[in-house]
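In what follows, chain A forms one complex with chain B and a second complex with chain C.
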Partner chain A sequence: MFRDAALIAGKDLRLEARSRVALNQVVPFALLVLVLFAFALDPDRGILSRATPGLYWIAVLFSALLAIQRAFTIESADGNRDALRLSGLDPAGIYLGKAAAIAVQLAVLEVLLGIGVAVLYSTHLAGWGLLVVTCVGATAAIAAAGTLYGVLAAGLRVRETLLPLLLLPVLAPVLIASTRAFEAALSGATADGWPWVGLLAVFALVYIVAGVVGFGPLLEET
Partner chain B sequence: MEPVVHLRAAVSLLGRFPALAGVDLDVTAGEIVLLQGPNGAGKTTLLRTCAGLLPVVSGEAVVLGHDLTRDRRAVRAEVGLLAHATGLYDELTVHDNVTFWTRAAKADPADADAAMARLGLDGRLRDVAVGRLSAGQRRRTSLAVLVARRPRLWLLDEPHAGLDHDARDLVDGLIRDAAGSGATVLVASHELDRAAALAGRSVSVVGGTVQGGARVP
Partner chain C sequence: MTTHLTQSELPPGAAGGRSGDGVPTGTGSRGTRILGLVALLGLVFLGLIGLWASPEDRIQGNLVRILYVHVPSAMLAYLACFITTVGSAVYLWKKSRWWDLVAYASAEIGAVFTGITLVTGMLWGRPTWGVYWVWDARLTSTAMLFLLLLGYLAVRRIPAAAPVRSKRSAIVGLLLVPNVIIVRQSVEWWRTLHQEATLFANGLESEIHGLMLFAWFVGVVVFGVIFAWLLIHRFRLAWLQEQIEEHGLERAIADRRAEADAEAEISGAAEAADPSPTEPGTDSNGEAAR
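Up next, the complex of A and B:
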């Protein structure tokens, strides 16, 4: 399973390196969201400062939708889905590999967005340990749930519009937990943030287990 | 000898439509069997069913010893399907694609290089993105994937389509070599003269059924 996951993750990351869709489209989109929030809330720097954690994670979620759709668009083209089913690869391995590739892309995006909020919102980044662990937990949860819902939506004709409708409600707890943890880190009250990280870990674990179990049937039936 | 493909009254659905409506077919190891019939007769569906991609809802269906009515996934790693769609990633090079699918099948990566050489893809085309290839070159890349995987059952849907004369001869050679090495080949083709010269037997697919497919013991 892990050998298959490594093979799929390597293929997806190589595809991204060649096509540069995330670099040329997803990253500019995410930064644009940050800039638009700054324009909308700039008259009151107090609101912008307080809202920074939430805005950051909303930008991550919106951008993640694009990355997830891209990850399954490449499998929908020219019989690739059938080729995957015929490949002999373990469906759980395919799931973990695609989730890992999405997670790597999200991690890079989160670093760039972190730089973005520091520059655009004049945010002083503090509580680094909590920030990093929150990013790891949220990234795992978003990638795990996104990959599961991505394959579900990929087999449907209305996948472009359906994926956000399916995925965003599922990721609402991740948005809440990661935002609260970031608020705690940036305000210096890191002890208040760790319970939220625990919640993130639980959600990530639940989504990963659901994905490992459910991805194969969804790949077959949708 | 145990047949490689054994179908009896096999019914396969495309949605709610019975695309295979009670197929009888026996194919033994090393045979090359031509499937002929008009468009929409069920040739592609028959190949996809044998590959384990479509469910068999009634009848008997045993391919390479795997009962497709119980578990149609198990057979997939042992078959190679050349379909109309290429199953290739446009942004990856010919080498990336062939190597990836070869590794996915747990075959020897060295076989990928040998297959590319056999299909004439080891020169300047090796590092060209598949999306920049012509239809015929893409077809040859799909064939290289098939060859590198060394399947026990070759399922070929119009294998000569889009290929020039030399490439068609090359495909014929691949099919003969596969059968010579013990693999079994099912070919759906409208190029009857060329395919019939390859095949040891031909059967007609008409209206989701196969005429003359079963062998009476």
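Up next, the complex of A and C:
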């Protein structure tokens, strides 16, 4: 299962390294969202730096939607879905591989967005341990749930509109938890943040298990 | 709703088989008519109890009466959600279309009841708190439940082959209750970190007058009956719709064939009556042109 996962993740990341769609389109989109927040909220009154945790994670969520769509668009052409099914790879491995590839891309995106908020919103980053662990937990949670709902919506004519409707309410706990944990870290009260990291871990685990079990049946139907 | 389906085309256990009155020309049966009548009478009774017989609340005044609708619909919304998850699980396990459609019907009615809960809650909240909406844990998680149900219903309506749609919506339905629990829990933590008391802690549960408790109980029973009535009808409707999806095309083709045959017979009869000699190829040409 883990060998198959490594194969799939490697394939997706190689595709990304050669096509650079996430780098050339999703990352600029995420930065654009940061700039749009500055337009929408008054940048002079410190609202941006106070609201940084929320704005940061909203930007991550929206960009994650694009990354997930992309991860399944590459499987939709030329009957790739059938090829995956016939490849003899373990469906659980395929799920973990795709989730891992999405997670790696999200992690890169989160680092860039972190630099973005530090520079653009002049947010002082503090509580590094909590920040990094929160990012890891939230990335795993978003990738795990996103991959499961991504394959649900994949191959449908309505996938672009369906995925946000399905995924965003489900990811609401992730947004709450990661935002609160970031707030705790930035305000220096790191002790308040750790329970939220626990919630992220539980969420990620639940969805990884659901994905490992449910991905096979979903991949079978086209 | 009327259909042209006959009893023979419906598998056992379908709407027609269960209705007990032969050809399913509608979704009603004797059982559901009685159930519907009970629901109607119950509603009238609930109206009498809730609006006249029960006393005003000491703190909330007449506003308490809206809760006789609000609380039962909230309970049934969660019940519907639970039924959807159970139905989805059984569908995935046994591939039973019956359970698949039960899950669908339940989710749709659940969305309606969640909507009623939200609207009545807002109507209650405006005079009580001065605003329609507060970011209370309960309100927020109910709103999220509504959105999750809408997501499920969106999957039910995707234009795809029936097995694909059923399987995908079953996975979404299976995750419905876990999602509701996770969302509810996280929203509760989120809010309780900011404000300690929940809104229902005082006023409602503290001391309930006997007749008020009775009205609330009647509300739960009546709404339960309405829920059952809606569920049965919605299920039968879904079943009939699926039959049309499955057999509709075959039936339309058969009808067109029959029409063509009838026309051919008429023209054949006219040709036979016509004494002028025709070339041998005419018939097949005419057929091809048609």
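The rule is short, and it goes like this: the second predicted complex is superposed on the first by the 218 of 222 C-alpha atoms of A that agree within 3 Å, B and C clash if a C-alpha of one lies under 4 Å from a C-alpha of the other, contacts with A are read in each partner's own complex, and residues count from 1 in each chain.
Operating definition for what follows: contacts are C-beta pairs under 8 Å (C-beta built on N, C-alpha and C of every residue); 3 or more make two chains touch, one makes a residue touch a chain.
It should be emphasised that the depicted structure is a prediction, and the values quoted were computed from it without experimental measurement.
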item	value
Fit-or-clash call for chain B and chain C when the two complexes are aligned on chain A	fit
First (chain B), second (chain C), both or neither touched by A:7	first
Chain B versus chain C, judged by how many residues of chain A each one touches	C
Chain A-centred angle between chain C and chain B, computed on Cα centres after superposition, in steps of 10 °	80
Partner chain(s) touched by A:15 [first = chain B, second = chain C, both, neither]	first
Which superposed partner A:79 touches (first chain B, second chain C, both, neither)	first
Which superposed partner A:50 touches (first chain B, second chain C, both, neither)	neither
Partner chain in contact with A:89 - chain B first, chain C second, else both or neither	first
Overlay on shared chain A, then closest C-alpha pair between chain B and chain C (Å)	5
Chain B contact footprint on chain A (complex, rising order)	4, 7, 11, 14-15, 18-19, 74, 77-80, 82-83, 85-89, 220
Residues on chain A engaged by chain C in the complex (per definition of touch)	148, 152, 156-158, 162, 165-166, 169-170, 172-173, 176-177, 180, 192, 195, 199, 202-203, 206, 210, 214, 217-218, 221-222
Partner chain A, residues of chain C touching it in the complex	92, 144, 147-148, 150-151, 154-155, 158-160, 163-164, 167-168, 171-172, 174-175, 178-179, 182-183, 185-187, 189-190, 193
Contact footprint of chain A on chain B as seen in their complex	51-53, 73, 76-77, 79, 81, 83-92, 96, 100-101, 103-106, 129
